[in-house]
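In what follows, subunit A forms one complex with subunit B and a second complex with subunit C.
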Partner chain A sequence: MTYPSKSRQVRIEFVALLAACALFLSTVEYLIPKPVPFMRIGLANLPLIIGLGLLKEKEYMLLALLKVLGQGLVTGTIFSYIVLFSIAGTIASTTLMYIVYRFFNRWVSLIGVSIAGAMASNIAQLLLSRYLLFGAAARLIAPPFLVVGLISSILLGIFAQQFVQKSQWYNSLQEGPL
Partner chain B sequence: MKRIRLGDIIIFLLSLVIIVASLGSYGSLSGKPEVRVQAEGREWIYDLSVDTIASFQGPVGATSIEIQDGKVHVLDSDCRNKVCIAAGWISASGQWIICLPNNVFIRIEGTTQPKPGGVDDISF
Partner chain C sequence: MKVANIRLVMGLVALPAILLQKSFIGIIIQATYVILLATSHGRRFKIIPNLILLFSVSSAHLLQPHGLHLFSIGRFPITAGALTLGAHKACTLIALLYLSHYMVTARPQFPGKLGKLISMQFYYFERITTTWQTITPKRPVIKAIDQVLLNVSGSSLESPPHPSKQAAREDHLVKDLISNGVHLVILWGLFLLGSLAILPVI
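Up next is the complex of A and B:
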């Protein structure tokens, strides 16, 4: 990365701020009781959606990595095989969200980006559980898993879109220091 | 900046298509009730209304199932935890029992009659 050192410092601090948000939201999500463990809201993905408009490729990857580490730390799964699901889901969703945002920005709002990310994440995790854990039986959990992901991602997308449009902090960042 | 754009709707519809396609995984939930057993890399189909006992070989030994009075359960299995035996009887379409160590997957497909006035199994 070839920024002047001052600007680079600001950008790294901004990544850290978003990562801290992800860590906090992971904690909030962990507190919410869920009927079935795989039903997740995906609150921790909010900084990843919001960061799309501000971060460069490498910074975005760094944020995704920090989110996986933070979430693993909070849920206590960082040294278990469950973290593989988190990694697979995060890689799939961030890659797709980045592509959709970068190349289809004109036609897609953050709502669409969020849905695409959730579907990518869920499908990656289902495939992983298909080959790692449950075998062919994994397809039985697919429909509820995908429906929950769709609903929660729409809500998160609406929030992110509103935030990006209305937040003065966000808009000042886009014009100013970053 | 518009709120909802064309691409959003396309992505939403694509997701719905994926979800509907994944619903197909439940197989046919209509038709004659039958027990489908996946084991030994193949699938067996039994009539739920015909009482039988059948045995399947898996990585850790044999797993035998019993069909009786329109219900099916795992009679005996050589696996360690016996979770499949503890799962008890299943009788409704969509229900399943899996013996993970022995790679046996039992599920019911087709239309099964709900017991008149019966209480949902998961109500409590």
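Up next is the complex of A and C:
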């Protein structure tokens, strides 16, 4: 399968591959203990960051949708409140990451994109937790939640930057327009 | 109806019975029931995350005191109403979580293009996890992930993803329908008992 092809089927398969990669990383993340059930490191967002330079707008949104659905199916949370946090976080982060990458690519590195995505995701999840879980007390968990998000997003951004620079697979995709 | 989707449909029909449960005792019994249901179908029950959820949601509700004043910690009042409300909400969330776990135990199949895409995603997921196990060394991680992606993307779909073991499950159709019908009656029965104030009120 050659990804630089413009064939629709090949491109869809590529989106499924990236979504599977997100799933793989989310299962790795699922094994890591979390202080609060919906608090995530964001490893599964790596394909979303990498996909920014490879996918068209609709394909990128499809990747985000597959990530949420696949993650929900694997962890069994697809019909629970947790998936609402996942949807809210993913919609907010993918939208902002896409905008930042498309319009501010010259000035913002993947680390910046990752931070923007994490902050958007965390704020969306905090707003949701205000109505769904904690009420007004949500403001109490906001500072540690945002700090953890900031640190993990910097680490994820550095990892994504390194991956894009060093990966043979990624660079082979860059040889032609996907 | 596909066998794989019976639990999915049962869960969707049972959702309102849990969401609309008014009795605290009722929601505790419903939560216990769906936890047993999920664990008896292969899902793991982890006590710590559930306790954290119960504790954090209950504590958050204590910030808005209402109902009977139980005691105070310093100048902070602990009220029965706030405590019960928080615990009720946490139990609802836990019940929904384990109902969701149960709903996906039969690997439900989604219809249409999206269903095919999800199947394709799981096909690649299986390929990635299988390839990952064969990769040595796994450090540095970037190189290992790169190797996996090169291997997996090096070939096209060898065989189209297909519904797993569906034929073998057909004979379980009647059994699954009956058992899920019983689960539905129990969960809705508990809702009715709660609504009619037959269950004890806390």
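Criterion: the second predicted complex is superposed on the first by the 167 of 178 C-alpha atoms of A that agree within 3 Å, B and C clash if a C-alpha of one lies under 4 Å from a C-alpha of the other, contacts with A are read in each partner's own complex, and residues count from 1 in each chain.
Definition applied: a residue touches a chain if its C-beta (ideal position, glycine included) is under 8 Å from a C-beta of that chain, and two chains touch if they have at least 3 such contacts.
Source: prediction; values computed, not measured.
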{"item": "Clash-or-fit label for the pair subunit B, subunit C on subunit A", "value": "clash"}
{"item": "Touched partner set for A:142, first subunit B, second subunit C, both or neither", "value": "first"}
{"item": "First, second, both or neither for A:107, with subunit B first and subunit C second", "value": "first"}
{"item": "Contacts of A:16 with subunit B and subunit C, given as first, second, both or neither", "value": "second"}
{"item": "First, second, both or neither for A:131, with subunit B first and subunit C second", "value": "neither"}
{"item": "Touching partner for A:82 - first (subunit B), second (subunit C), both, neither", "value": "second"}
{"item": "Which of subunit B and subunit C A:115 touches, first, second, both or neither", "value": "first"}
{"item": "Which of subunit B and subunit C A:169 touches, first, second, both or neither", "value": "second"}
{"item": "Of subunit B and subunit C, the chain that contacts the larger number of subunit A residues", "value": "C"}
{"item": "When the two complexes are fitted on chain A, the stretch of subunit C hitting subunit B, from 60-68, 114-122 or 132-140", "value": "60-68"}
{"item": "Interface residues of subunit A shared between complexes with subunit B and subunit C", "value": "134-137, 140"}
{"item": "Contact set on subunit C toward subunit A in their complex", "value": "11-12, 15, 38, 43, 48-49, 52-53, 56-57, 59-61, 63-64, 89, 93, 96-97, 99-101, 103-105, 114, 117-118, 120-125, 127-129, 132, 142-143, 145-146, 149-150, 152-157"}
{"item": "Touching residues (chain side subunit A, partner subunit C) in the complex", "value": "1, 3, 12-17, 19-21, 23-24, 27, 33-37, 62, 66, 69-70, 72-74, 76-83, 133-138, 140, 159, 162-163, 166-170"}
{"item": "Complex contact set, residues of subunit A against subunit B", "value": "100, 104, 107-109, 111-112, 115-116, 119, 123, 134-137, 139-140, 142-143, 146-147, 150, 154, 161, 165"}
{"item": "Interface residues, subunit B side, partner subunit A - complex", "value": "1-12, 14-16, 18-19, 22-23, 25-26, 38, 96, 98, 100, 103, 105"}
